[in-house]
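Here chain A shows up in two complexes: once beside chain B, once beside chain C.
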Partner chain A sequence: MSKIFAITLQSGRKYVSQYVRRSEGVTALAFLAPSFAGILIFFLIPFADTVRRSFYDVRGVNFIGLQSYTSVINNAAFRLAATNTLRFVAICIPLLLLISLGIALLIRCIRPHNALFKTTFLLPMAVPVASIVLLWQVVFNDNGLANSVLEFFNLNAVNFMGSGAAFWVLVFTYLWKNTGYNMILWLAGLDSISDTLYEAAHVDGANKWQSFRYVTLPCLLPTIGIVSILSLLNSFKVFREAYLVAGAYPHDSMYLLQHLFNNWFVQMDVSRLSAAATMLAVVLLVIILLIRGFLDEKD
Partner chain B sequence: MKKAAKFLLCAGVMLLWLVASACGSGNNEDGVNASGTNGAGTRGATPLAAGAGRYVEVDITPPINGRIMLVVAPDGGLVAFDEGLHNRYDSADNGITWVHATGVGAADERFADVQSVGLLPDGRLLVYLQEEGLTAVSADGTTAHFPMPYIDAGIADGDEFNVSFIHVLDNERVLLTYNVDWIARFMRDGGTFQMFGEEDDDEEEETDEDEDGQPRTQMRVGGTVAAGGGMAFGSMNAVTAIHCIQTGRELERLSHTEFMQPMGANAQGGVYTVASHNLVLYSANGDVEVLLNGTAFAFGSPAGFPVGVSSLPAGGFIANVMQPAAEEMVSRLLKYIWDENATINPGKDITIWTLEDNALVRAAITEVWRLYPEANFTLEIALSEEGGVTATDAIRTLNTRLLSGRGPDVIIMDGTPFENYANRGMLLDLTGRVDTAGMYQNLLAPFAAGGLYVLPTQFTVPMMVGEASHLRQALTPDNLVQAIVTGNPLPPMEAMLAGRVIGGAPDEDSAFMGFNDLDELFHLLWIANVSAFIHDNRLDSNALGEFFTALYAISEKFGLGAEADMMQGGVATGVFMVVSGGGGATNRVNMLGGSMTNFLLQTAHTAAFEAGNIHMLSSFMRRDNMELELALLPGLAQGAWVPSTLVGISADTAMQDFAVTFVNAMLSMEVQRLNHGTGFSMLPEATAWQLANMNEILAEVGMPLFEPNLDVLIAQLSTPALIETTLREMVWQTAERLADGRLTVEGAVAEVEQNIRNYLAERS
Partner chain C sequence: MKRINNSKFRKNSRFLAFIPLVALALLVWWVLWFMGMGSLMSLEELNATIGAALANDGSDERAFFPFIPAWPGLQPLVRLLLDTPHFFVMFWNTFRLVIPSVLGQLVLGAPAAWALSRFRFRGRKILITVYIALMLMPFQVTMVPNFLVIDRLGLMDNRLAVILPFAFSAFPVFIMLKGFDAVPRALLEAASIDGANAVRTFVHVGLPLGVPSILAALVLGFLEVWGAIEQPMTFLGDPSAWPLSLFLPQIVAEELGLAMVASLFMLLPAVLFFLFGQKYLELGIQAAGIKE
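So, the complex of A and B:
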């Protein structure tokens, strides 16, 4: 009898355990559902439609196969935009990571009196894009502030928005705007490193550089992944400033993929736009997976 | 239990999320309206479900061929008079039937200049007769003076009153709109502009008594007046207020941004007015209601203009609209009654999209609506007067709607990348669907190759005017530039402003052609040349260089760089011209370009301009003792012309047949013969009709007939100008830098090559 009871109790526990696990799963799904619905409606379904459209004509009626893809790859505007975008990302992301990390380390050194600095570095994020654009126009116009300064020092005026300098204006804008945000991410990562690790390294005779190299950096690896991916995605938002400052057709050096996408949409060239967007999404996905793979391996 | 609650909460949030998402996706179309389109958002014109009701328009015009003066009697009876009060028509059934009677003016010429008629409670008419004052007229024609001390005293002093509005209030009080020989006053006062007897702002009221001892109040206000339960006064400084009839006290100031002309008032003290072709009712409590959307009723036809609205005691109202007839403008009385059971034919319900308002489109809507009263139109004007939306934003929204399959049925392509829509199969091939036989075939040809997806319904032409001997000096672009550059400069601005050259500089001192601002010069050269240096998605740098060389040379000649624009000395120069729509269109006020201004001021022998209005053309070519001729403005593009009011039909429309009907209406004689002022007609027959109509008017006033060589010139047109605004803007920026000396011609060419490289590459 007691054996039967024991078996019953055991199976009952198992059942209860399964029930609890299943109901937890249902609860989890229920909590995830709103977010998932949003992602589904606003990202996944539109993206699926974009992929579909890349294989069809503009009206989405006639199948045209890879025609849009070959046209995009052979398009000079696309190649220029892709090159510029790649160049922008290749220059900006490392610079941003280094500068924001450096600032985060500096600010951490002066805690607890660093609140003012944190706020100051975050301020550019609070400035509306329209204001930034206005400021940039005042500074980088042919007769703007920057050229006035150059003229004051008897230097030649620079056509900032109509020459290769436009690219560096864009780089500066991106760094100026995003450094504060990344700094906060770095600070969060740095705060998560236990002080005992530094104390142990100090006991072992490590100097500051060695503490950074062998304690800080390895512990920051997860943060590096997140910051890199966010920086990469944020780099595409710089188009707002570029578009508002220089319009749909800026100087060659700052003609980005988003300019091309925007123009193709206005021109109703949706098939090529969809093909280019699909290609970009694939490239981004590969890059993100590579970053994660690299970090997982390091971890 | 807790889990169940959490689950329910979660499900609720999800549901809300989905509902919000659905609303968000639905907002796409609504957002278009909110962000600037001027869709039919009115009770009268919103696409309505069957049985939802709408205003029904009935033409109740009595057999009067001319201007009609309409009075609504207190008992609801209608009384209509023709000019001169020769005939009187009475209707006791709201205009369904009219009873004719000989008017008091048939045997009395004193009534010839009567502009407005009031109806006294005893049935007598109240009119204003020159040199006699207000006069009560009995049915048998006997007249009695109606005392109005201020007017009577003025007449005794020799003032000439012009009474344009009479409305009899209760107790024999009268509401008038009148002015007192204000032109003479304007001259006499040396520039102090006074109108409508606003002599003394402090003295707003004068009260006296009539024969029976009843008080009679006179208030002086500016502008037009309408009366109902209250009184609405429009004034010249754009302030309109509703006043109490009994006390004259201001009850409400109406909030409106544009000039408002009261058209009439209802018994509740609301005032009818017209705004953006719509009939609007401002209520005494400040409410504003759009009663009629001008796109859906004959009331809003751009070919005519309303002169008055009368409220009917039994409900509804009558609009007195001046519209073109064969030779002159005549009144039409249009009655509007709300019909709860009126329906719209679902097969005749189309949406028309246009970037900017377009008179020809409105005229076509009116025409189709006349033929199909059960039809409904939604005219979406993407760039509203309120602003806030750029053309690119509007096009982006249009593209989104087209891609979603919920786009407009008919698209007016001006300002849009129409070639992309056509090339990508978004538009219906109109070949065989639209009757193009009567059009200028040389203008149609460039659009008909490979299918007729976009159809111009109007066009303009870069032209020159001057004496033949001068025009012969500029047969080629090089000759033109040479003639301008080696010719005389324009007289100094100070001399023009001081009036020393009004009436003409001595012939030998006149410039060949004069420009006052770079924008105009660029525009004219652009439309005459652009198709030569950008074609087949390629840039011809040599042709562009020639364009810039010409631009720079002429700009230098007249100092059109940054330092010397048209605001020289802080005063804009130019001539305003009001063009009557003889045979058709709403009057338009145009500020002429500097080139034409110089020509009209006779400081230049010739003028270059973008021609598209026969009436203006006639005005330009009228100069004493000179035989003026027209010629195409020489350019690198052979026979350049500018297509306008380009129309296409969405390939996805479910209203294909009715959309085609609409496009055919745009090309009908009824619409094309009207002078919209925005371009020449695409029908030779309509052009001939406009010319004949204008010449009839000229003959009536004893002026020489206008017989231009238009057919010959139009036959030479072969190259439609590229009207893509993005490209123009990019080249314009370089042109500005060239004109003010920041770039050389070579530098300008290089800059354009660089700037438009991506533009061209995107399209390859």
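So, the complex of A and C:
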């Protein structure tokens, strides 16, 4: 009975919605126009132009085919930057996911007195990079505080900014800044898991680890996808730290794609820049679609 | 009996959870402590303690940081406030980028978000996908497209070159869209005014119900533009128009006392805004995390 009712309702809605669609379309257009005009003018149309330019010479006149692409891919600086960026992402994102999930779980343990810690871990995302440049230098300089601490424990001083350690300093900064953001996403994911699942697990005699492994983790799968996507995109912002502290040409270990884009921009190398931007956009879109596709399959 | 054991266990595990949390929280608290105490130190003390880290004179002297200043002094603060007019210019420059950008995000974004959330029309899903895809692109992808337009419009080195791309960014639209989606339809219908047109419904019903997500967009937008580095660096060639975020690294190299106080001034508005809007900020972050 209720099924029939639902069907009638649905087909009725279809008629209404067809009528509504037409009149709502016009209103929607009026509401959307200012925003979407800007999206078209500042992003979509010039992005199409960027893709076009990646096949043309620097002045955008002569067609040169894939020349810019091959020149980008064969470029030593690009290879260094792409490798570093990949390495950075491959190391940071799993670490960040684990640490922020750990913190989210700990914070749930101490409910309801966790407001202070939530604020604490979220705060770094509000800290403007420029305001901690000084602190960074004071900590990681050759004679800085980090080395003072190492010396106190009778360990060898490390040349943080002028060696491979620079890469790890950047990793640490990224983790420091983004843990809180992900913690909030994890907490939302954890909150959405129904208590009855845990109760059922408890009744079945599951211990704490088992209920985490068989209830919490599977329920967090959708969250893992979105957390990784957002972490990936936030990872591009570490350029700020790297650039403000070490300039346009930092130690090789932390020369990232972002540095390369910036330097090519300064040199006004529009063709190669366009080719690189197009490739980056395609790679990111593919990664995002893969993650989402993987998750939809799991659902 | 078992229950008592259980609650004891719970208490213990709670206590154990505090230890790593406090240890990790120290990494954040220490930074704030450093910024606050550093600003209260006299220039002499700054030079004597952390000066070694910035000297680069090849000496072996290591920097250290006292827990509280031994000789507190306000000269760096006073000097910044009285003797460095260019600091105020930069501070003002930052606001001249932040306020129009964030206002633009709200004024342009809220109606668009409302339309995408409440109206059903052909192409709606595609539009939402476009907004999401744009929201997920880092600056390195949009840098060239933005530059091409800005150059064509003759806006290079103009503040609008930074403001306009921010004002049209897709992220706030997405957050507000999620916010409007969360308002139950029944509530909307109950609140809707008989015979009111679409604009009035939006202003009198939509906007008030969407306040949390609008504030979320406001807070996230403020923090984004306040700390922005890539955009002004790329599109503002003239240092006299630079915001504080570009100016600070320069004075770090020049003057320790000033840099310390100026850093605090860069930090404070962001932290205050964060504390004021933390609830909404969390909402905004969660909005991006919900699968549609």
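As a convention for this text, the second predicted complex is superposed on the first by the 254 of 299 C-alpha atoms of A that agree within 3 Å, B and C clash if a C-alpha of one lies under 4 Å from a C-alpha of the other, contacts with A are read in each partner's own complex, and residues count from 1 in each chain.
Definition applied: a contact is a pair of C-beta atoms (placed from the backbone, for glycine too) under 8 Å apart; a residue touches a chain by one contact, two chains touch by 3 or more.
Predicted model, so just to flag it, every value in this text is computed and none were measured.
**Student:** Under the stated touch criterion, name the partner, chain B or chain C, that contacts more residues in chain A.
**Tutor:** Between chain B and chain C, the winner on chain A residue contacts is C.
**Student:** Quick check on the superposed pair: does A:Pro34 touch chain B, chain C, both, or neither? Answer first, second, both or neither.
**Tutor:** A:Pro34 contacts both chain B and chain C.
**Student:** Figure out whether A:Phe236 sits in contact with chain B (first) or chain C (second), or with both, or with neither.
**Tutor:** The answer is second: A:Phe236 touches chain C but not chain B.
**Student:** Now for A:Tyr214: first (chain B), second (chain C), both, or neither, which partner does it touch?
**Tutor:** neither
**Student:** Where does A:Phe265 make contact in the superposed view: on chain B (first), on chain C (second), on both, or on neither?
**Tutor:** Both: A:Phe265 reaches chain B and chain C.
**Student:** Should A:Leu106 be classified as contacting the first partner (chain B), the second (chain C), both, or neither?
**Tutor:** In the superposition, A:Leu106 touches chain C alone.
**Student:** Kindly classify A:Asn75 by the partners it touches after superposition: chain B alone (first), chain C alone (second), both, or neither?
**Tutor:** First partner only.
**Student:** Per the contact definition in the header, classify A:Phe294: touching chain B only (first), chain C only (second), both, or neither.
**Tutor:** neither
**Student:** Name the residues of chain A shared by its contacts with chain B and its contacts with chain C.
**Tutor:** 27, 30-31, 34, 38, 41-42, 265, 270
**Student:** In the complex formed with chain B, which residues of chain A make contact?
**Tutor:** 23, 26-27, 30-31, 33-34, 37-38, 41-42, 57-61, 75-77, 80, 162, 248-249, 251-252, 255, 259-260, 263-270
**Student:** Which residues of chain A touch chain C in the complex?
**Tutor:** Touch list, chain A to chain C: 17, 20-21, 24-25, 27-32, 34-36, 38-39, 41-47, 49-50, 53, 102-103, 106-107, 109-110, 117, 119-135, 137-139, 141-145, 147-148, 151, 176, 181, 184-185, 188-189, 222-223, 225-227, 229-230, 233, 236-237, 239-240, 243-244, 257-258, 261-262, 265, 270, 273-274, 277, 280-281, 284-285, 288, 295.
**Student:** Given the complex with chain A, which residues does chain C contribute to the contact?
**Tutor:** Counting only chain C, the residues touching chain A are 13-14, 17-18, 20-21, 24-25, 27-29, 31-32, 34-35, 50, 52-56, 59-65, 108-109, 111-112, 114-116, 119-122, 124, 127, 130-131, 133-134, 136-149, 164-165, 167-168, 170, 173, 198, 202, 223, 226-227, 229-230, 233-234, 244-246, 248-249, 252, 256, 259-260, 263-264, 266-267, 270-271, 273-275, 278, 281-282, 285-286, 288-291.
**Student:** Can you tell me which positions in chain B touch chain A when the two form their complex?
**Tutor:** Contacts found on chain B: 3, 6-7, 10-11, 13-14, 17-18, 21, 392, 395-396, 399, 402-403, 417, 420-421, 424-426, 651-652, 726, 730, 751, 754-759, 761-764.
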